[in-house]
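Next come two complexes, and both contain subunit A; in the first it sits with subunit B, in the second with subunit C.
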Partner chain A sequence: MKREPPRALADYAPLVFPGAMLTVFFVIPFSIMLAVSFFKRNPAGFYTPDFVFDNYARFLSLFFGKVLGFSLMLSVGVAIVCVLIAFPFTYLLTKLSRRAQTLWLVALLSVLSMSEVIIGFAWSTLLSRTAGITNLFVWLGLLDQPVALIPSFWAVLTGMVYQALPYTVLVLYPALVRLDPTLLEAARTLGASPIRAFLNVVVPALRNTIVATLIMVFVFALGSYLLPQILGRPQHWTLSVLITDQAIYQSNMPFAAAMAVFLVLISLSLVGLTLLIGRREAAQ
Partner chain B sequence: MSGLSIEHVTKSFGDFKAVNDVSLDVPNGKFVCLLGPSGCGKTTLLRMIAGLEDPSSGSIRLDGAELNAIPTHKRDLGMVFQSLALFPHLTVGENIAYALRIRGASKADQAKRVDELLAMIHLKGFADRPVAKLSGGQRQRVAIARALAISPKLFLLDEPLSALDAKLREAMQVELRQLQQSLGITTIVVTHDQREAMTMADLVVVMGQGKIRQAAPPTEIYRKPADAFVADFIGSTNLLPFGDGGTIFGAKIAGVSGAKGDKLSVRPEDISVTAPGKGVFDGTVTFVRDLGGTIETFVEIGGETLTAVSTPRDRPHVTAGQKVGLSFPADASVVVSG
Partner chain C sequence: MSRALRNFYMALVGLFMSLPIIVVAGVSVNEKQDLSFPPVGFSLSWYAQIFTDSGWRQALFNSLLLAVSAAAIAVAIALPLAWFLWRRIAPWANIFQVLGLAPFILPPVITALGFLSFWATVGAYGQPWTAAISHAIFFVTLPLVTLSLGFASIDRSLVEAAATMGADDRTIQRTIILPMILPYLVSGFAFAFVLSLNEYIIAYMTVGFTMETLPIKIFNALRYGYTPTMAAVTVFFVAVAALVFGTIAIFGDIRRLLGAMGQDDS
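Entry: the complex of A and B
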């Protein structure tokens, strides 16, 4: 279908609705947050309009630097683990009958219906000493006595991977379903074992999908603020936890806004960098 | 024995037998076409030879060695897929070198072989291009070169030319045949195009409903079809039903005998249109299709429509509605059952 370039003002009409939505639900709230981040905090009350860099200056400390570094590292970790699990899983899923695929997808979607709180408490029970999975290991003779696996970094990672996995599968699924199965067969006739064929044909052929999925899970994990608190120690708290803390419990809206703006800028630049590297490689 | 031998191979999907007790011997260096309508089991048979499907029963041997237990990637074969299945993330050269890379060949050896193969398929200097930038015919050649990179013992092609336009397809058929002749490699092509099979094959294997209906050289398949299915599938033919006492449309034809239920296959180009009463039987012209190079005359006799094809030189000069006689030499016709 050939598209005509818009000429009259009315030709832009289809843009009005999405434009309005973006403005109301994204541009305006983000602008308010941006403005608040420059406001002056009033310790007695809330905040007063001003234009100061105090909030950003306070952020530039070793403590917040470490928290930011940990948040980014955790989110990258969650993204990588999710894709490592979800990619082979989704690939095998596409080889099942249509009926089995539907059942699996429904089961995965049902995980999405659970709130972060429920997921957090379920995992904290599962990883606890008294009622946790280690009791099963003791019963099987793998451990001498039950141990508590929370709070720990691995518990936070596990919970966040569990939460993000359904999204990962749902994003990978369409691309893997569309993948031409003869690519894999061709690699096999040329002498590649099935695993080797998977690694050097299926994975590279879907490189762009994998990068997009990594970015999506990364951004998704950055926003998680309940699971680190339920499953981790204070040193495992992410920037999102601190933002919540500042905004809700310390009533320091300007500082919370400044941290949020900073987080957005850092993650946007990371995503941009990834895309840039991908494009440069593709051009070669 | 040397060569590929397929012994009583059956492949069932549930109750459906896609390939039903097929046996076939292919001597080394021969070009075989598996020909048949869609769903006849030809692709399934080819995939079993490649190891992409396991036979439900029967065995496939190459030079006496059982292939059934050997996985696809250890069979050392070359296969061209209908979709070509070129790896989109690799260049032309990397695609062709893939089988060599898997086998651990050095970079220098890979480059040398890629150059040889690119020269063979007339695409010198294309090694560094992405496959997405190639035309349909060029992709086709790259897929062929990739399959031949290791000089395989068996060269398998699944409807390799179906994506090309008619002109390019005919040219590629000739090219593929010449390539196979110069390499002397055992080649099996699956096709539903009988012209393609006639052009390329030493041995045409006509399949229908999971069984081999006839396996013979192209001219024999055309001249001496084993049954009505083969006669009808290879080229076009007129199938005339035998009536009581071995007559056709009430006429007894000298030198031809058949029982009721049999059919007489007469190729359209063997039938000539004569004046009424001068031929074997009379009929009425229903349509004349003048294609310039050939003229097809459709004649209705006893509820059946026969087609006669003639060249412009011996054009019958008849029009629709006209009564005509039809004649053909008895030795050009074949009695087929069913």
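Entry: the complex of A and C
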């Protein structure tokens, strides 16, 4: 069956259901959210239609600036740590037998699909005083008595790295698995040690992939909304937490919507950037 | 890198990934209702409680029903769309593909908020079915990606051979296309199912105050104190995910689904 342009109107029939669903339940909710971000807050209900910039003006407050700065810094940190761990790991993974790769991928997918609630609960247990990892340190004689490691910034960072690590590996996997093996062989033939060949050949060859992955993981980490609440203190709250909080607990939908629109703009421009990087890589 | 160093590094990452699950599994078999590790005593009663306690059982049932319907709707949206994009040359139709991929790339809280304002505006806020539709849209990306891969893997000359021998479009679809994309269809459904089972924020923002799914129930339970049932549910969920992805790996090619293509397919 060759690909051909649609000729009769009936040829468009398969598009009707998907098109309608995506328009009604994605485009319209999105537009409503955009509209709501200009509405006025109504403490009794959800909002009153209006056209004000108040919700966006609140971005100029010191509090919002702090939350935004912290979210961005935290996500950058998560992205860097994840890529640092995941890049060598994924590279080694692609060198394993197909069977071993499949096993690892199943495990990674299982961890990736874990609910943020579950990850938060698991790490809060692991970092707690009574059941946590410090009991192991006590047993090993490294500590005198078990301590609670939550809530803390490091707990939030660890939890988010845990959440994003399988994602990072799966984003890197296609690029690394398709990497031309002759590149590495050439380096080895010319006398480079495996580690040297990895650092001087594989890493530079995939420079654009690494940058694109950093951005993808950054956007992924921006979406974390429960881990900062479960593992951190209120000063560790991120933009995503703040949006949820404003929408549900403060009943301030317009302000939440304005922040969401802002988050969309950040995410979209970054994703656009990765697409651009991808295109440049394809052109090379 | 030398073999020992390689194995050490991979084991280290593996340990990091499994450590929380090991501790939670340990905690889940405590005999008494407290949080201690290594576990004191051994009891599987907390696992039984998922099914015997009416609250947990209801949450489990809600989650399963939600995940099955959301995955079914997601596949119903993705299948005709992927088929159309494969069959026809219509560049503007790619806009729907972008729409199908967007919700998954953006931070989930955005989509959740979009649905909250939408359902509140149309007056259906809190109805259980709104969560199914919301999840279906959010996870439509998964069947869309797997099905696009599936269609791309069909050798078009096979289809042409069938057409030459007199098969009409309907016969070709039933006897060639459907069997060839079936594994991709099933994996797309399975991916959406598992992720919907685990999803919290969208479920919370659409039906959080009227219906408890398991993740919502766990989060609510976390606030009011700890029970080992939460740990049991966690282990149960990880096991379900591993089972589903393991099954996909046995019957399909998970490496190909995740982007390993070309040279080493055999």
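Going forward, the second predicted complex is superposed on the first by the 238 of 284 C-alpha atoms of A that agree within 3 Å, B and C clash if a C-alpha of one lies under 4 Å from a C-alpha of the other, contacts with A are read in each partner's own complex, and residues count from 1 in each chain.
Note that contacts are C-beta pairs under 8 Å (C-beta built on N, C-alpha and C of every residue); 3 or more make two chains touch, one makes a residue touch a chain.
Everything numeric here is computed off the predicted structure, so don't read it as measured data.
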* To do: For A:74, select first, second, both or neither according to whether it touches subunit B, subunit C, the two together, or no partner.
  => neither
One more residue to check, A:165. First (subunit B), second (subunit C), both or neither? second
The answer to whether subunit B or subunit C touches more of subunit A is C
Should A:191 be classified as contacting the first partner (subunit B), the second (subunit C), both, or neither? first
Where subunit B and subunit C land on the same part of subunit A: residues 194
In the complex, the residues of subunit A that touch subunit C are 1-6, 11, 14-15, 17-19, 21-23, 25-30, 32-33, 36, 46, 85, 88-89, 92-93, 95, 98, 101-103, 105-111, 113-126, 128, 130-133, 135, 162, 165-166, 170, 173-174, 177-178, 194-195, 198, 219, 222-223, 225-226, 230, 240, 243-244, 247-248, 253, 256-257, 260, 263-264, 267-268, 271
Residue set of subunit C touching subunit A in the complex reads 1-2, 6, 9-10, 13-14, 16-17, 19-21, 23-24, 26-27, 34-37, 73, 76-78, 80-81, 83-84, 86-90, 93, 96, 99-100, 102-103, 105-118, 120-121, 133-134, 136-137, 140, 156, 159-160, 163, 169, 172, 194-195, 197-201, 204-205, 208, 215-216, 218-219, 222, 230-231, 234, 237-238, 241-242, 245-246, 249, 254-255, 258-264
Per the touch rule, the subunit B residues reaching subunit A in their complex are 50-52, 71-79, 81-83, 85, 87-90, 98-99, 102-103, 146-147, 149-150, 156
As the complex stands, subunit A meets subunit B at residues 180, 182-183, 185-194, 196-197, 201, 204-205, 207
